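I'd like to ask you about the structure that follows.
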Amino acid sequence: MADQLNTYLTLSGALFAIGTFGFLARRNAISMLMSIELMLNAVNLAIVSFGAFIPQLQGRGAVIALLVLAVAAAEATVGLSIVIAIYRNRRTPLVDEYDAMRR
Amino acid sequence: MRAWLYLIAAAVAVGIVVTPAILVFIFGGGSFDDALLAAFATLMLVAALAVVSMRDIIRCGLAMIVCFIALAGIYVQLEAPLVAAAQVIVYIGAISVLVLFAIMLTQTKSGSARLTFQTQARWGALAAVVLLILVSLAVYGTIWPNAGPRQPAATEAIATFLFHDYVLPFEVVSVLLLAAVIGGVFLAKREDITGEEPTL
Amino acid sequence: MTGIASALQGLPILSVVIFLPLVGAVILAFAPARWARSLALATALLTWLVSLAIAAGFGAAATGFQFKEELSWIPLFGIEYKLGIDGLSLAMVVLTTTLTWISILASFRPIQTRIKEYMVSFLILEVGMTGVFLALDTFLFYIFWEVVLVPMYLIIGIWGGSNRIYATIKFVLYTLVGSLLMLVAILATAFTFQAAHGGSWTGAFDFEVLRQFAGTGGFSDTLQLLAFAAFFLAFAIKVPMFPFHTWLPDAHVEAPTAGSVILAGVLLKLGGYGLIRFAVQLFPSAALTYAPLIIVLSLIAIIYGALVALVQPDLKKLVAYSSVSHMGFVTLGLFAFQSQALAGAMLQMVNHGLITGALFLCVGVIYERTHDRTIAKMGGLAALTPIWVTTFGFFIFASAGLPGLSGFVGEFLTLVGTFQANPWAAAVATIVMILAATYLLWMFQRIAFGEPSAFLLGLGHHLTDISATEVLTLAPLGAMVVAFGFFPGLFLNLFQAPIADTLNAVKSGHVIAIDPAIVAIGIGIVVAAVVIRLLSLRPSEAPPAPSTGVPVPAEGAG
Amino acid sequence: MTTQDLQTIAPFALAVLLAVAVLVVDLIRPGDRNGVLAVSLIGLGIVAAATVIVGQTPATAFAGGYTVDALTTFLDLVFIGIVAFTIAFAPDYLDPRGLPLAEFSVVLIFAMTGAMLISAAGDLLVLFIALELMVLPGYLLAGYHKTDGYSTEGAIKYFLLGSFSSAIFLFGLAFVWGMTGTTNIASIASNLQAIASGGAPLSPGLALGLGFMTTGVAFKIAAVPFHYWTPDAYQGSPTPVTGYLSVGPKVGAFALILRLFVVALYPLRADWLQVVVVLAFLTMTLGNLVALGQTNVKRMLGYSSIAHTGYMLVGLAAYAAGRVEGLQGLLYYGAAYSAMNLGAFAVIAALQKRAGVTSNLETFAGLGRREPWLGVLMTLFLLSLTGIPPTAGFFAKAYVILAAVQAAQAGNAALGVLAVAAVLNAAAAAFYYLRVVVYMFMREPQSEQPALRHGRLMWAGLAGATILTILFGVAPGTLLDIVSSAARAIAAS
Amino acid sequence: MSFDLLIPLIVALPLAGFVITAAIGRRLGKQAHWIPVGAVVLSWLAAMGVVVAALTNQAPFAENGYGVTLWQWIPAPGVNGAPDFVINAGFFVDHLTAVLLIVVTTIGMLVHVYSIGYMAHDAGYWRFFAYLNLFMVSMLILVLADSWLVLFVAWELVGLSSYLLIGFWYRKQSAALASKKAFIVNRVGDVGFALGIMAIFLDTHTLSIHDSLGVLSSQTLAAFPIPVWLVALGVFAGAVGKSAQFPLHVWLPDAMEGPTPVSALIHAATMVNAGVYMIARANPLFAAAPEVMTVVAAIGIFTAILAASIAMTQTDIKRVLAYSTLSQLGYMFASLGVGAFTAAIFHLMTHGFFKGLLFLDSGSVIHAVHEEQDMRRMGGLGRRIPQTYATMVIGAVAISGIPPLAGFFSKDEILGEAWKNGFAWVWAIGLIVAVMTAFYMFRLIGLTFWGKSRVNSEVEPKIHESPSVMTVPLWLLAIPSVVLGAILSWPGPPLGPLLGQNDQTGLLAGWLEPVFAGAQQQLGRSEASFQLFGIDGALLGASIAVAVIGVLIAWRLFGVELGPIRAGQRPERVKALTARVPFLYRASLNKWWFDDLNNLLFVVIGGWVANGAAWFDRVVVDGIVNGIGGVTRRAGADLARVQTGRVQNYALGIALGLIVMAGSYFVIAGGR
């Protein structure tokens, strides 16, 4: 079981799904950021497990994962700065109240 | 008094995490490996669920840390210690910052369900479940053409990849971070621009 | 004659006649506004003279296109800048240039705001129109076709009446729907040609080559049916044929006088020209197959247009619907595929341009003074503005097809030609002789005769008779109406070659058997549309009760 | 890495250096607008030159991670042009609002580097990171007017959904890696060829990967039903940014499509063609229909850009159906669309030089009288967007439609439907484009405002956009050659 | 002078008069008449020259005429086997044309002169003469035309000029309506005529009158795509319209709104005869379609009795004359129908003169009593305006068919031919009409000139005889009204035999013989020799008798003052009589409700149809167009609802999209 690729992929799928749920369900900007982090980690898990189980990807997987990690960090930075900026204007972290623009 | 409660809660948590491991160990053909994975997996998923479902934003953050630790554990099992390490360092670091920001940002540490969840939460749940089903279907319906047994990824190999094959992405990521930082700083910087009314 | 011809052979005279107005427009754009009028008029007149020079140098006897110009433009697709002129295009170009300078002259007094932009758009409009008539490359043709759209859109939209924006947007959208489908068809034909020539694009957009290709049955039946439908839709909307005509009254009512003149005088002809030149000659089989349907539509347009015109309360609307009726003759004559009918159709295009243009000018003259076009408010104008009434009456009779004036010859040729191909169609169409006389004379009697109405008397000295300038705009049209009434040969001789081209093209075609199911579906769609519309009627749209008969003018006198 | 590698990536490297340079300039002499402008524009010129020079010799570097071919060169030039124009238009908008130009240029140039890298990516990992490098600055730029609620709102929507889609895209990517065991585009293509050639059903894993990747990409190009972010982000962003967003990331995303779908996933085209056809139809139709009712010009142009995505997808579909013209049309469309759309936004930006001026339709009332030249230019750009000849927009549309018609006659009826749908959409689109003209020329302004003095750069930029818009319409020859060679570079022969 | 020049000159002169007067007439004021009248006089001279030459068959005139081609009008050669459609504008003069020329130019000239006086005080003096000249042009082209199309042109042009002249007093609403009505009703007939012409071209591939008639009469009926009877009907429709035969007769009475000289010239003497002329011209065509000739006869005689019945009760002097014109035209058509072409033309000529005379007289009367037209406000005018009175009595006697005046000869010939050609019913009805004719004419005379004056008091003293410029033409018309019949029939029957000259053809018959001979023998009409003491004598007696009876009845009811013969008027008897036949009386008074019928047909129903079409256009056709636009925009608005502004909603949308996408890929991938 632990030596089955599918196990890990399913795990990552589950994590991805949870992240998706969080992203769809939470109102707080921070929570949504966290959900995205979850999803990215799910992807990382998939990548790493591929790297572990597929000879051609051996090692590559790890590298990719590392880079993705960095990307995630960058995204987090940007996201937070934007969150701060808008919080200054709107004084609320609840994203679904930012609906001045619609239709 | 509260301490007791915390202890009980911890016990419950441990119980939740350990039970599946034990079950797997007993029924799953008694591989220690599997039990460990089961434990980590359970921990990770439970923590993840906590992240998306708890009301107190700070606890969500903490839960996420737990989740990532568990994930790191899984990485170790996948014999990618480097990734595991990075995971711990980067994420704990990043996340602590994240949570700090969150506290600094949102006055109300925890809010009612109405404040926490979107009206469409149940639809979101449904979508998530369907997604999970799709993925698992895909996973189990697929024979990975060139999948082999699990082997460790030698750190040297990683290094060579990182500094030979993937040197370009590596460099680019630095650029990416640079850009992100510059922009982020600009946006986060508090300066009272001669602001006027919003202009679409 | 030959002297002029040889003199012209060298230079790209067609490009000159197309782009001269553009040059004028550019100069105008940078010149001070107070010169706008004179500069525009000068340009238009110059263009007119050039077109006359072409006419003088044109060899009526020769067949095929003359003064050809050919320039590789987009070699990758074999798209060329190719111009050429034959009898039909010559007539149309001269009509265009003439009406343009007349319209510009007629705008001097009515147009007082943004005169510069107005004149610029007008000259650009002329570029587009002449271009359409002279282009021998389907792609180039399409481009000019669309170029016409924009200035007209502005002319109606900026200098038009109260409801101008609705009218102009309707005009543009309606035209665009048709023309864009035509674009698809153009590309399809081009590709068929390319595919048939081992992937070589050379000549894929060259009208002459395509026509020759079509003559050898190059286009498959299905392609013909589809492509013809697309072309036809584009042209039918411009003509406009029933049931695609409803943009016309709105556009006419809102457009400034000169706009209406050009609209009726030239823009509608673009449709007829396109049908004759492209739709029929490129897709003969489809043309033969669709002909019965088109003839029926033409007949409906002829009678129905006249009936609707009968009860229009607004002068311009009435003339607009009369256009629908008159242009029905063009399509009728064209799709009779008979030499006299074709000649009549072509002549009818010219005459309709002259006469209806003049009618709109006359209406404009009276609108200038009364700022009203409601027939009911007029009355007894003959006593107040006798010269105007005489002029108007003259053109009204011309429009009613009075023999001796140009309108008659075209109409009669169309009828006699159609009669030989299809007596019943001709018989139905002939009835319009009564209806035309009815709506025109009734309108004339109501506005011109009897005691002057209180409304008109209220205007007092504002209601002056027609002015010298206005006479100057109308006189040439009147002269031409008479001249071409007596000497239609001037045009008929020009038309011989185009007629032969068209008929030979048609001869190469065959009637395509259409799956009745498709026909049924088509009818079904139309019926469905009507039914849905009728089911969604609002009370304000209730049909007229049988009792509300207006006094149509056969009533007992006195 | 070798010097040869360095030469090959010279344009990219130079671009990065340029960004840093601009930053340095700002550090040395804060608030020196002209300095920043000069450095940025000259720098862009140099980058462009480098691109052209390097582009002479197709090559690959970094173990196939970075490829230079005609396509790269063409797209890079387009990107550089877009950024140059944007920077030229920016000051007139930013200055009155007290927004610094330096950071703007820097972030913008970073975004450009990302786009350039996409167009040159030979490796899916590079592709992904390049994509991030392109879009992250986009998020920042969207919120660049940070004191403005709308700007930041647009930004956060753009960011959240954007990273959501990135995650989805990456997830799909991971599965493709797992399936093919490589990240190199070329080898992926060959592996897939091996898989697809069998004609056996694709494994669900691959299908899932395809699905996730298509979704991610569709989001980036704002294809329906993944377009939701577009109107809000466009409306909220500062106008020059909107102008950039409407073309830069779009063309960049299409570059991504070219590298990913047209090259890497080419063997599976039969599968994604059908999806693309549906996407194209939905995209152009919904974009146009919703745009009909818009009263805010920026938002309207947002929807219109969705519609244009649809037209470009028609070209893609035509290529997938076997007509290389589709590819050429797609590229041509990209270039033409960039020129005319930037022009349109430039006019809006110029109008908004007076702080507090909204981009609602009323703003345009009587513009034709107030500022005739702006009015005329806007009309030109709008006509081009409508697709009225002789403008760039017309020829571009004609091009993709031609491809679609060819495919249809080659037996793929769906493409025929697409072609007809495309023209009908164009007709409907005329309504909302021309409505702006109606306001400019046929409505009187409710309040008479004196004409503004616009910067020289603004005029220069407008002139440039105008020339291109007309040139691509009247004399498409040159661009055609470039485009077809670019297409030839990646088209499967 | 060459006839190639002279013949066109007949038309050119009045044309010049028209153009000049139209251009500068306004400035000439009261002198405006010189040019047009002069032009007409000259044209009359030219015409007379041509007539003499033509009737005496001197070169270049052959027995069947001589033609002049002016220019090639419509060159429309056929392609791919279609026949060439090449029309020349040209004139053709044969005996028939010559005879018509006499009538048209002579009466035209006299009316012109008369108008100088009649219109003297009218504001539109110059306009009137311009129009009159225009009419002369059109009418002359009509009789001279050598091709059907040219004929059609003239056909419409006379319509135009009649339109202009009826509506001359355009401020009068009734005049405007009448003119319009005249034109439109004529158009109805013209549709048939036009179709007939097209059919002729389709059948014969030519529109030259003579060639086409030659073809039509020569070939067998089956040979034509369009059967001859259809062609004939079409042409006949045109004649019905122009000559105001039932059912298109309604316009003529209203046409009396025009100035009286117009009524005299156009609506009595010339234009309304065009139909008769054309059918006579087309006699081979009709001879080839005998059934149509029966129709012609029926329509003609029916119109005759219908109009006569109406004329008996009308009180407007001009309307009485108008209906009498209808009735006489009916005679002519009947005569054409029975194959008596010569008789028809004969009556055309005589009628032209005496009806012209009567109208001019009525004009003179109206003038005298200051534009009063109602005979109930006249009476006893005989003494006040003797010349008018005398000439009018002559006219009345002539039209009543009392020998030896003109009317007798022509009418008697018509009735006789009808009987002899086997149309007894035509003859019978004709006799009744003759009674009525005599009756209503002398009713008119009685009410107008005899008995006590009923003129209202302030006009009474001012009654005066017209100036000589008006009376002279009266006399000039009165003379032919007396003698023309005798001259034209001499030395043929009935005078010839009476004076011992047997089996001679009359003058007119001699002239027209070459025109009609063909048709005559195709119809198998043989000229039986005239038996004075046989059938012909009987017929003669009959027609004389009925005429006398009619006159006597009129005298009995409306009095008489002819020297010794005197009788008072007896209104009470009239009342009693009308009370006896109330229906007939009301029918006659209301013109058999034809105007009401038209009102119902065209005003109510036609108007409803037109409104319906307009409604359909606005609501359905345009409604569908706008509907499509509306639906599109509404769809856009509805789709825009998706854009809620909430990120999570967007995200959900994307997630769903993702699911669908992945699912569809499963399907696609699985399905390959």
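To keep things simple, chains are lettered A, B, C, D and E as they appear, and every chain counts its residues starting from 1.
As a working rule, a contact is a pair of C-beta atoms (placed from the backbone, for glycine too) under 8 Å apart; a residue touches a chain by one contact, two chains touch by 3 or more.
Note that the structure is a prediction, hence the values are computed from the model and not measured.
Path length between chain A and chain D in the chain contact graph, taken as the least number of steps between touching chains: 1. Listed here as common contacts of chain A and chain B: D, E. Farthest chain from chain E, judged by C-alpha centroids: B. When the C-beta contacts at B-D and at B-E are tallied, the pair with the greater total is B-D. Core chain by CA centroid proximity to the global CA centroid: C. Centres computed as Cα averages put chain C at a distance of 42 Å from chain D. Taking the mean of the C-alpha atoms as each chain's centre, chain A and chain E sit 98 Å apart. Separating the CA-averaged centres of chain B and chain C is a span of 72 Å. Centroid to centroid, with C-alpha atoms defining each point, chain C and chain E lie 38 Å apart. Shared contact sites, meaning residues of chain A that touch two or more other chains, fall at 16, 19-20, 23-27, 32-33, 54-56, 60, 64, 67, 71, 74-75, 78, 81-83, 85, 88, 95-96, 98, 100-103. The residues of chain E that reach two or more other chains are 629, 640, 643, 645-649, 651-652, 655-656, 658, 662-663, 666, listed in rising order. For chain C, residues that reach two or more other chains under the stated contact definition are 173. Checking each pair of chains for touch leaves A-B, A-D, A-E, B-D, B-E, C-D, C-E, D-E.
Residue ranges on chain B touching chain E, taken from their complex, read 118, 120, 123-124, 127-128, 130-131, 134, 138.
Interface of chain D with chain A (complex): residues 125, 128-129, 132, 136, 139-140, 143, 146-150, 152-157, 159-160, 163-164, 166-168, 170-171, 174-175, 177-178, 181-183, 231-232, 235-236, 293, 299. Those residues of chain B that touch chain D in the shared complex are 134-135, 137-139, 141-147, 164-169, 172-173, 175-176, 178-180, 182-184, 186-187, 192-200. Taken in their complex, chain E has these residues touching chain D: 629, 632-633, 635-637, 639-640, 642-643, 645, 647, 649-651, 653-654, 656-658, 661-666, 668-672. Every residue of chain B that touches chain A in the complex is listed here, in rising order: 24, 28-29, 31, 33-34, 36-37, 41, 44-45, 48-49, 51-52, 57, 60-61, 64, 67-68, 71, 74-75, 77-80, 82-83, 86-87, 90-91, 94-95, 97-98, 101-102, 105-106, 115-118, 120-121, 123-125, 127-129, 131-132, 135-136, 139-140, 144, 146-151, 153-154, 157-158, 160-162, 165-166, 169-170, 173, 176-177, 179-181, 183-188, 190, 200.
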